[in-house]
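Which chain is which? They are A, B and C, in the order written, and residues in each are numbered from 1.
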Amino acid sequence: MSVRHINPEGLHRNPGFSQAVVVERPAKTIYIGGQNGVGPDGKVVGDTVAEQAGQALRNLATVLESEGAGLANIVHWTIAVVDGHALDDGFAAFQKAWDPADPPPAITVHVVAGLGPGFLVEIDAVAVV
Amino acid sequence: MSVRHINPEGLHRNPGFSQAVVVERPAKTIYIGGQNGVGPDGKVVGDTVAEQAGQALRNLATVLESEGAGLANIVHWTIAVVDGHALDDGFAAFQKAWDPADPPPAITVHVVAGLGPGFLVEIDAVAVV
Amino acid sequence: MSVRHINPEGLHRNPGFSQAVVVERPAKTIYIGGQNGVGPDGKVVGDTVAEQAGQALRNLATVLESEGAGLANIVHWTIAVVDGHALDDGFAAFQKAWDPADPPPAITVHVVAGLGPGFLVEIDAVAVV
């Protein structure tokens, strides 16, 4: 397998994401559904984006670890935050969970009108191994 | 090809979706654009999420059948519902269309401010065969 | 590699998108994060959807050209426009950037409550080469 995180000349650079990720010959591709700030009991863990994003990231890690992978295998993710809540708090949760030695995924960020009941943030992802 | 629907230990389980789907050696990957409640004539079929979601699911099935596949081949889908309309009605439409013997796809659900004119729900999908 | 843009019988046809795109044996798959109307200096280029969509499309082209590809290699894209701004202006920008001889990608369009600060439109994409 080959995975290259690219930031071509002529595009702005940001430490929080790669402009694109190029994948060749993946052994497997993992499509992870939107993860929320939900614990193993199905309950929402808190009422802030920071708490919920932290839990959503732990859920993503749990999925990936079950396949012998980790957050660093994510090539693209979409982060949806409910309108009126701070995107920055989600970014702070990312910085806590992410090893800065790993090149970050390509990212899409939408501020949405809502999510499922009680959810403030949802993160889905494609990962390759 | 190999497709595994996974629900790792430590994550909440829900009959409506899989936490992730792992794909190895797909013969083909089908990227299906957002399907709406639009009939063959291009007209919106009704003004409820239930009607529109039912038609969007039929459109997804039509796309997949043209490739010798079906809804069960979907590995991830994103469902967008316009703010103020019930997510539950979309879920009921899914339950009607989905064979409960098939493990469900990974899912992302966003409540959006709007969609194209007259649309209340949009479903895009990635399927593998 | 094989890429087929399909518009099965029974679905409405629209010159602006394909209903689905079928990919077999891609040499590489490029996951491009959400591109905005941001220039090389990281600044937003204008305060209209038309200007920002034009720049986002140029950014997508820059990413693809760095991999020996072009817009025609996009198989699916998601276009998010902030509520209150005209989708049509984004479509006009697409028509300027897109070679009508190329079959268009599968498309998802969401009207969102917001995007990052100052952004009116965001386009992410999956491309195959």
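Everything below uses one rule, namely that a residue touches a chain if its C-beta (ideal position, glycine included) is under 8 Å from a C-beta of that chain, and two chains touch if they have at least 3 such contacts.
Here's who's who by UniProt: A, B, C = Rid family hydrolase.
Fair warning: this is a prediction, and the values are worked out from it, not measured in the lab.
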Call it same or different for subunit A (Rid family hydrolase) and subunit C (Rid family hydrolase): same when shared residue numbers make up over half of all numbers used at their interface.
different
Superimpose the Cα atoms of subunit B (Rid family hydrolase) on the matching ones in subunit C (Rid family hydrolase) and note the rotation angle, 0 to 180, in steps of 5 degrees.
120
Distance in whole angstrom between the CA centres of subunit A (Rid family hydrolase) and subunit C (Rid family hydrolase) is 21
Contacts with 2+ other chains: residues of subunit A (Rid family hydrolase)
78, 110, 112-113
Would you pull the subunit C (Rid family hydrolase) residues touching subunit A (Rid family hydrolase) in the complex into a rising list?
27-35, 38-42, 59, 62-63, 65-67, 78, 80, 110, 112-116, 122, 124
With touch defined as at the start, can you tell me which subunit B (Rid family hydrolase) residues reach subunit A (Rid family hydrolase) in the complex?
6, 8-12, 14, 17-24, 75-76, 78, 83, 87, 105-113, 126
